[in-house]
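I've put the structures underneath this note.
Look at the two complexes coming up: subunit A is in both, with subunit B in one and subunit C in the other.
Here is the complex of A and B:
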């Protein structure tokens, strides 16, 4: 909102500014500490201050075949879950946006359930279904689980964009003689493209990190989060875990950052995220 | 040809709607609701005490098991933790949300929102792991506590029964800190969204009518931010209720719901009991969501 010029905006009190800054630091500093610990030569404890500095753990981590396998699996799962979420989420958003039908309100409710209910519910529910139908655990059982909670991310992003797109543009396109496919290709798609990109990147990040549902749908397979989880409860390779944690932060940082930047630019000051 | 197809569909909006709606609905209903249904069914099964096999017959036996004192305690412990985490998150989140919504310049606002949402989306496991490093006995927090000569106070805190433990990284206090930390962004965003919708004219009107800033805050801003707090609490409460990673990482032998479900279905091999145990959070959350919708929390999401 450009109208709210800085002269009319009230000044925050010192107390509020400090409290806000404190919360911000609380959110971010812990992640920096992991970066610091990738450099520790200490293999068995988390001693602070670090007893020295070394960069050898990056090399050690790169040599680990189990890590590469886990990374590849997570990457594949996240890619396919994202594609599924993009298709299903966009279709649902388009349906909800263009028509008013019985039960329309319930669609949002149904889609948000997988992230509103505790992850363990989705996990154990899928687990009982997989067990009840005697489906063997596979790559696809992981993907199917992830897609359930990725759909809502794309849906929300695309629906928010549709609501900001003026319907007259679509009418104008049709009036000027474009058919539905042309209108979609030249008017609708360019309009929602960045929303698709943002939703897709968030869905990817969500799936890439997911551990709770995955625990119940992966069987013996190891995704990267499952690898990290096994290290959390029984740390064996502390230095390598530090490196992996850093890599995960870096891999997910860029898509999240750009997705948020896109949403922020599109919605201006509207605080739209999920 | 394309034009004719286009016209055909244009004249049949219901058909188009059906084509759009069928794939996502089919997926969510079959896979998701189907699984939830199978969860419900399984909670009415029981396992044979001798063979350990699941008997697929209707029984309420498994539900009776969740009311044993041990399991009741697990429910109470988890709900208390979820409640406390929600309260503290709301308190910590409010200043930052308020600052972003009402005081930050548009440019700063964009960056602050990105700064809040990056932790929200970034790896939850890694963020838990960070605290494993921080809270470790030999770790950074202990070093600072030692620096300020507060080690005695920390030892006293850790010696308290119920919330203490051998170190911060293995105690309910540690779990509480980590829960507050990891779910905090889920509270900030909805509160900020709700505050964003409070029109500036309303605040001016309040002060024109003679309210002191603190009165305006109490009687105008807080009530209008409340739906945001409720929306945020859906996440903080629900996520704490079902989490098993944090208790497994920082907890002790005193189970939380998620942990119990995890071990019943895994090492215990008792899927019916795990399913029955999960119905607790499901019922709590469905009721919570319905109330939240009444309170207008969904608009703040």
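Here is the complex of A and C:
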């Protein structure tokens, strides 16, 4: 048997290859269907093969003011929720990492809990709380709802990074004459920058396509996913919905793709220095 | 404000308690200007806590610390003219070697040309010229150690603190760095305070040594003081190996049951009918065990059927055959009475 010098791992059997391929198709074919039917001239039905080919729905979608409003709102909510998550998540991670206080482990667990809870529970809890406090449902209540799970993502990323960096680095910086601000600016921030970027992108993507919590915390506002949901009852708009779905796939795909790439690169280089 | 004639570091009844644990307990200490001073002790003896209080990472529970006559106990680390070489080096992984070394100047907003000039000087001092562009991850352990040293020295601190900086290096490299550290210290003329648990390292490098145990200083003195005149049973046992003799046997030898210590290499092995000189003390025993170690041989000699003394002799004329056959022989042990030290307490 010829031994391959480049790799010591055995090759996958054809059965395993087939299973992997099948899983990938199962996951991705529905998305291609969406993309395919953005190009159909037929408005209401999904016929195959396509009766023709047109790109007019992209134009139609761009003309729709309600769509633009929803897209802008989603963008604003995701941006603000992400910024809030970056600040709060980093502070929480720093507190849990640096100080050893009573109930630290419980706090850490409580911080991570919202992402493990079903969205519907978080949603109902938030609706009850916000309603009970007589706060009007608005743009800001959506942001608060989204921040609950965005904070977790940033917190986890930053805490993991803190745990991999040497604690004496901060002391070394202070020892060499840097005050707290300079230490944060020149030592802490560069070391957690990629974790912040990765966490932030993930948080943005999560917020951007969130439906359940938004349903409970929104007033009259319609975010993009909710707009798409409401389109289901309008069969004649189906190709427009498909166009929008394609856009959402792209907008969420890119940040997650880069976030993964950044985390992978960072863990490569960090491995050497430790 | 600073008094150049004052000691570099002065501890005045300094204590540091963590809950019920007295990590440092009422320590008084003076370290002179330009001294190479070692704090020696087992882990948990308080030496590192003392170092951290000088650096400013920790504050005394009570007492005060003075740097050249100026009280610094409550100043933050960045307001003290003291720099540290950390045990794990604590280099900044995202900066190259040059930026790491220049960090202290950068945060003090020293102009770029000046910075460059001093980084080059430092790189030369630690023999790393040409390494400025490398990342810490591309350096060996010994090279990282030199970068950490250069980074700490660039601010021209009044005192340099070294926290077991050679611990992670292998034996050969460690011995080389010991010599190099000593010569760098002579060249820059800065007071070095060196924390270590390695007694050989402390003896090799230091002008003076403080031996720590359980938060207190057991003894302060020159390496030869510490080695030849240990003040307590702890020091005698921790620095090198020592034979401690007390009780009946001690009474028979020195006329009182006070404990005394005698180093294994100071004891001479002679045949059972040897007549020792007048200023020598002697004792009869039986060789119970012999360990041949190449350069020297270690004997375990039973005295009085109860006490075992370790004796070391260099293999000047003897071979392994000679020494191993000595087992079971009756011998007379003798040593010069100046070579033993009576221990207090």
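Heads up, the rule we're going with is that the second predicted complex is superposed on the first by the 253 of 274 C-alpha atoms of A that agree within 3 Å, B and C clash if a C-alpha of one lies under 4 Å from a C-alpha of the other, contacts with A are read in each partner's own complex, and residues count from 1 in each chain.
We adopt the following convention: a residue touches a chain if its C-beta (ideal position, glycine included) is under 8 Å from a C-beta of that chain, and two chains touch if they have at least 3 such contacts.
This is a predicted model, so every value here is computed, not measured.
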| item | value |
| --- | --- |
| Touched partner set for A:179, first subunit B, second subunit C, both or neither | both |
| Partner chain(s) touched by A:171 [first = subunit B, second = subunit C, both, neither] | second |
| Subunit B versus subunit C as contact partner of A:187, first or second or both or neither | second |
| Subunit B versus subunit C as contact partner of A:260, first or second or both or neither | first |
| Subunit B versus subunit C as contact partner of A:197, first or second or both or neither | neither |
| Which of subunit B and subunit C A:83 touches, first, second, both or neither | neither |
| Which of subunit B and subunit C A:135 touches, first, second, both or neither | neither |
| Contact breadth on subunit A, by residue count: subunit C or subunit B | B |
| Touching partner for A:211 - first (subunit B), second (subunit C), both, neither | first |
| First (subunit B), second (subunit C), both or neither touched by A:39 | neither |
| Touching both subunit B and subunit C, residues of subunit A | 179, 269-270, 272-273 |
| Residues on subunit B engaged by subunit A in the complex (per definition of touch) | 2-3, 5-7, 9-10, 13, 16-17, 20-21, 23-25, 27-29, 31-36, 38-39, 41-42, 92-93, 95-96, 98-103, 105-106, 109-110, 112-134, 136, 138-140, 142-143, 181, 184-185, 188-189, 192-193, 196, 200, 234-235, 238-239, 241-245, 248-249, 257-258, 261-262, 265, 271, 274-275, 278, 281-282, 285, 289, 298, 301 |
| Complex contact set, residues of subunit A against subunit C | 165-166, 168-169, 171-179, 182, 186-187, 190-191, 269-270, 272-273 |
| Complex contact set, residues of subunit C against subunit A | 55-57, 76-78, 82-84, 86-88, 90-94, 103-104, 106-108, 135-137, 151-152, 155 |
| Of subunit A, residues touching subunit B in the complex | 1-2, 4, 6, 8-12, 16-17, 19-20, 23-24, 26-28, 30-31, 33-34, 37, 45-49, 87-89, 91-92, 94-95, 98-99, 101, 107-114, 116-122, 124-129, 131-132, 144, 147-148, 151, 155, 179-181, 202, 205-206, 208-209, 211-212, 215-216, 225, 228-229, 231-233, 235, 241-242, 245, 248-249, 252-253, 256-257, 259-261, 264-265, 268-274 |
